[in-house]
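Structure first, then comments.
Read from first to last, the chains carry the letters A, B, C and D; within each, the first residue is number 1.
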Amino acid sequence: MLDTRAKFSTALYWVFVWGCGLLVLAFMIGPILLALVMSFNSGSTLRFPPEGFSLRWYEMLFDPIASGPIHTAAKNSIEVALSTVALVTLITAPAAWALARAPKRFSGSVEPILLAPLVLPSLVYALAALLALSLLGLGPSFIAVLIGHAAVFAPLMFRTVLGLAQRQNPALEEASETLGASRIRTFLRISLPGILPGIFAGAFLVFMQSLDNVSVTLFLGDPGRTMLPLRLFAMLEESLDGRVAAVSGVLILAAAILLVVLQRFGARDAR
Amino acid sequence: MMSDTGLHIRNVDHSYGDKQVLHDVSFDVPDGKVVALLGPSGCGKSTILRAIAGLITPDRGTISLAGCDLTRVQVRNRKLGMVFQNFALFSHMTVAENIAYGLAHLPKTERKARVERLLELVRLMPFADRFPPSLSGGQQQRVAVARALATDPAALLMDEPFGALDRALRAELQAELVRMQDDVGITTVMVTHDQEEAQAVAGQLVVMNDGRVEQVGTPEEIYDRPASLFVNGFIGHANQVAATVTGPGGLRTADGTEIAMNRAVNFIPGAPVTVTSRPEHLTLSTRIHPGAMQARFDRAVVMGQFLTIDATLADGTAVKAQVLRDDGPRPEKGEAVWLSPDTSRLHVFPANTNGA
Amino acid sequence: MTNMSRRAFTLTGLSALATPALIRPARAQGGSLVAATFPGSWEDAYRTVLTPMVQEAGYELTIAPSMAQDQIARLMASPGQPPYDALLVSPGQSDILVKEGLIEEIDPTRLKNWDKLTPAAQDAWGPHVTIEVNGIAYNPEVVDKPSGYRALFEDEQYDYNLALIGFGSNTATMAYTEINKAYGGTYENMQPVFDLLESYLPKIGAIATSGSNQMTMYQQGEIAVFMASTGNVARLRELGMPCEFAHPETGSPSVPVAIHMVKGASNPDAVYAYMDAAIDAAAQVQLAEPPTAMIPTNTEVPYSEVISQFVTPEQVANAVYPDWQAINEHRSEWTETFDRLVVR
Amino acid sequence: MIRKDTLLSWPMIAFMVLFFISPLLLLAGISLRGEDGSWGLGNFAAFLSDPFALGVLTGTLGLGAKVTAFASLAALPLVMLYWHSGKRMRSVILICTLLPMLTANVVRTFAWVVLLGRNGPISQTIFGLGLSDRPFSLLFSETGLIIALVQIELPLLLLPVFAVLNRADRKTLEAAEVLGAGRWRAWFSAIFPQIIPAVLAGWVLVFASATTSYVTQSVIGGARLIYLPQYVYREVGVLFQWPMAAAISILLLASTGVIMLCLTMLARHERLQGHA
């Protein structure tokens, strides 16, 4: 009696773990796969199930005349995203590296400031930044978006680099110095390889987030330069243009490829 | 003592924040000799090693090597080899690359030859292209030593070089280090908390406690003539008994046993002292004996030809004695026994106040 | 500012959010202008059709997509340093602009195409570039042609198929005032329409966040009827959707769209060149075709095939023109009432 | 005084203080400005005394709480599966978790617009099975919004937990089983306590993210559901009430902050319990 109950409980356990677990997994990636499927839809509207297979939306998306504005928006957004990654890397990697070695009291009091943007809504920040800008008599511009993105997304890289830098044995750098290496050589040959996976992972996150951000871009962006997420949302809202699905397909593919590359490269200890 | 060869540490003080961790540390390492810095963890031995390496700048004092003052020299120009605790190998470089790291200034062929020579020295030739994480602890240690020796350093510093290894391997590598030291003959400072290791490898010990040098000497000197109660207890076992000075050569232990020393002690009568004795300098008897302390027999453990005896004095002090197994009595547990010390081997220190 | 009408905020509207100190985007001064247009197909069409024409006239045109309401907000925010040189708005907003002194009367002699405009389009504050005729868009595969506004609320076949939208939309605002009249209300008393909406809410198909949002829902089959302009219907047909346009029984509320010159525009010559291009016959012929299907105001431009399917020049001439002054007086209050009515 | 060893961190600190902290302080300042130019808490009072606005505030916090709760429920079996999985399966789960987080917002929103619609698979299935008398739309409903937000925010909860599980000791589970605990009890008594701090950290992220995800809220929630972010946008972009927008932002910030603080304190407390 007790035995059958125990057996039943164990069976239930595995049904729950595997059954519900896989169900949740499907729930997480289902919508993404659906977006991918829809992008090959041959019909003119985005109904599910799709009417047939075609590459027409991709053709249309890559057509430089029909989709010129999308290309421009993508170019603008990639420009901002790459600049953001560069700026963030420049200020964040050295800071995370230094703070991993700084006295606990110092790093403990500084880290909350550097990590705050992770939990503060970027919308509120965007509003605040816009107010500050207007107070200074400046207008939205490329630089404003760049700085805004850097401020909001820097913690993403800070966290990934800090994690690795903290786990890096400080004796490695000392060993390098006792072996006669200069500070620069020590940094390039010893410290940097240690935190590089963190920089890559962080750069990836920052890039994706910058490319995807709406609120900061919206408030701080130059109205004459359309950015990709705004453009895509306008498309999504104005008419369910199949190109939205095609863009989704491209973005999913990009994310997946980068993810696999990252996994191969050094994600082994990035997280 | 010549001051233009060897490594000399003079009056070094250092503080981390408000906490002073080194107090007026001075000792010398003769050219080509191995000195072990020995002490419990947190005694400042690693700090002094780091000060020698240049990884920290001491608040006061000088460090000189072969006549040159190192105090103002940058780490990378000190030309010292260092073996770190847990080895600090560069895990993203191969064994050969690790060893070659300090040889960037050499031409390629010369560098290659030197790396090969060192690989041979530490017998790691087949592992040249492996990455450190795939090696065993002993092999990693040898890579660390080879890397430190590669630059042909004026002195070698080793921070707990055997700490990460298991016991059997440790003895083997210690022997190997001694062999290598005989070959290379390099001035070496080694930090350890393990007295046996220190004694096995080093000709000179520097015993440190609480940021201070307690005693410098050969292992034998330190064992036989400890300069302090701490050293006495730290190197080998020392039974400690509270006593009072009764006269120029007389003591009375806490339980009233009168001990007559064969020499004068430099304490004024009435001063509280701690008397120490090595286990092997106590003899056991089941009958009352003049000058012997009465104790309760607890147990005896066979250690080869010796018997290690645990007993407890009337005031609760635990005492160990080591006697030859063949002769001597075998009391029952709880039986009263008498322990008589070899008075010529007793040490007398001011009363132990900190309980160390 | 308080009389500024409220508009349900939309994503597209957001893409051109008002900023108080928005200074003109960095660009070469002198030979260029920034013109605000509605985002979406307007923006694309103006960029492709007008930019080369303005360039030919020697000026560089930057199209800044922005909803009419946002254009005003930005202008009000930075007095003396207008972010745009030219605006694109409907009378609802023109009225406010005139009252706030944000735009200038133009000099018609500087427009080559002025005389070709229909008399109604020759507005002293700037030429009308098109006229939007509004009515009801419906899906003939799902519902019958509605006879008018009342049928939408009274005929059961439209239940769960009708989309509504807030008073931010000109199309919707005009529809509501017309419906209100049909149910016995006046501009001063909108209670009848609000009562109607409140009782109808349980049967509503969806409430849209913006005019264009309705088209997305329509495409998805989420709704089958909504208040639309002929341009909306043309766009949906272009996307392959079955869609028809119905004129309401009370007449089709119409609204012209005009280009205005911002007071203090950095380069009036460029603005004139831009206006001229927008009312040029060649441009309007192109814009009259799908997907924009804008009803031309240039008399030399015939109604394109797609436009002719919805309206005739006679219908346009007889269209209903709402009283924007009365609407603007109450609009913010209506917006507020509507928003609170629909939020669950 | 700048310590030499912290030198490299100062550019970032300066950057964040200058470009992140000071605008927020400015925002807090502006929120105190009344319509008539006076200073005070008038905006907050006006917002909090308006039942409609208050409803938006509680609705927003409620949305955050519901999303957090449902995300936790959904996370549980997957976390357990991850724990039992080998290396290969773990990396599959990890990639499946990272993918939704790293795909663009527009993709996820777009997918949900299709999925939740009246002609979407969910509605069609339920209608097809005869469980509903007509096709229905989950779009523009709170249910639909919660479903979408749970999918979007789930990785934020899972990743910190996975990180803990990667380090967790398998032996504790074995010990529990040796002691005779059933599968369920073994998991909940041996493993679950270890992941609690990570779960709390995840909750903070999910809550903060769900309450402020403007885009998803407005596209999936539609016009009939209004949350604080939309309210802020409306004050800025439509009504042009800057100080009011600032005040609402500060309220949004404060409510998230308070919840964050509570959870952090809870995490500390639990950890203390764990040690005792």
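Brief remarks on what is shown
Keep this in mind: contacts are C-beta pairs under 8 Å (C-beta built on N, C-alpha and C of every residue); 3 or more make two chains touch, one makes a residue touch a chain.
Quick caveat: nothing in here was measured; it's all calculated off a predicted structure.
Shared contact partners of chain B and chain C are A. Interface comparison, A-B versus C-D: the higher count of C-beta contacts falls to C-D.
Chain A has the C-alpha centroid lying closest to the overall centroid of all protein C-alpha atoms shown.
In this assembly, B is the chain whose CA centroid lies farthest from the centroid of chain D.
Put simply, the C-alpha centre of chain A and that of chain B have 54 angstrom between them. Separating the CA-averaged centres of chain B and chain D is a span of 56 Å.
A separation of 38 Å divides the Cα centre of chain C from that of chain D.
Separating the centre of chain A from that of chain D, both taken as means of CA atoms, is a distance of 16 Å.
Multi-chain contact residues of chain C, defined as those touching 2 or more other chains: 11, 14, 17, 20, 77, 209, 216, 220-221. Annotation for chain D: residues touching 2 or more other chains are 113-114, 119, 215, 219, 233, 236, 242.
In chain B, there is no position where the chain touches two or more neighbouring chains simultaneously.
Taken as a graph of touching chains, this assembly has some other topology, since it is neither a line, a ring, a star nor fully connected. Touching pairs of chains, sorted by label, consist of A-B, A-C, A-D, C-D.
By the touch criterion stated above, chain B contacts chain A in their complex at residues 53-55, 75-82, 84-86, 88, 90, 92, 101-102, 104-105, 147-148, 150-151, 157.
Of all the residues in chain D, the ones that touch chain C in their complex are 52, 55-56, 113-114, 117-119, 134, 137, 139-140, 142, 215, 218-219, 222-226, 230, 233-234, 236-240, 242. Touching chain D in their complex are the following residues of chain A: 6, 9-10, 13-14, 16-25, 27-32, 34-35, 38, 46-49, 91-92, 94-99, 101-103, 106, 110, 113-114, 116-125, 127-129, 131-132, 135, 147-148, 150-152, 154, 158, 204-205, 208, 211-212, 214-215, 229, 232-233, 236-237, 240, 244-245, 247-248, 251-252, 255-256, 258-260, 263, 271. Every residue of chain A that touches chain C in the complex is listed here, in rising order: 43-47, 68-69, 130, 133-135, 137-141, 214, 218-219, 222-226, 230-231, 233-234, 236-241. Within the complex formed with chain A, the residues of chain D that make contact are 3, 5-13, 15-17, 19-24, 26-27, 30, 74-78, 80-82, 84, 91, 93, 95-100, 102-115, 119-121, 151, 154-155, 159, 163, 182-184, 187, 204-205, 208, 211-212, 214-215, 219, 229, 232-233, 236, 242, 245-246, 249, 252-253, 256, 260.
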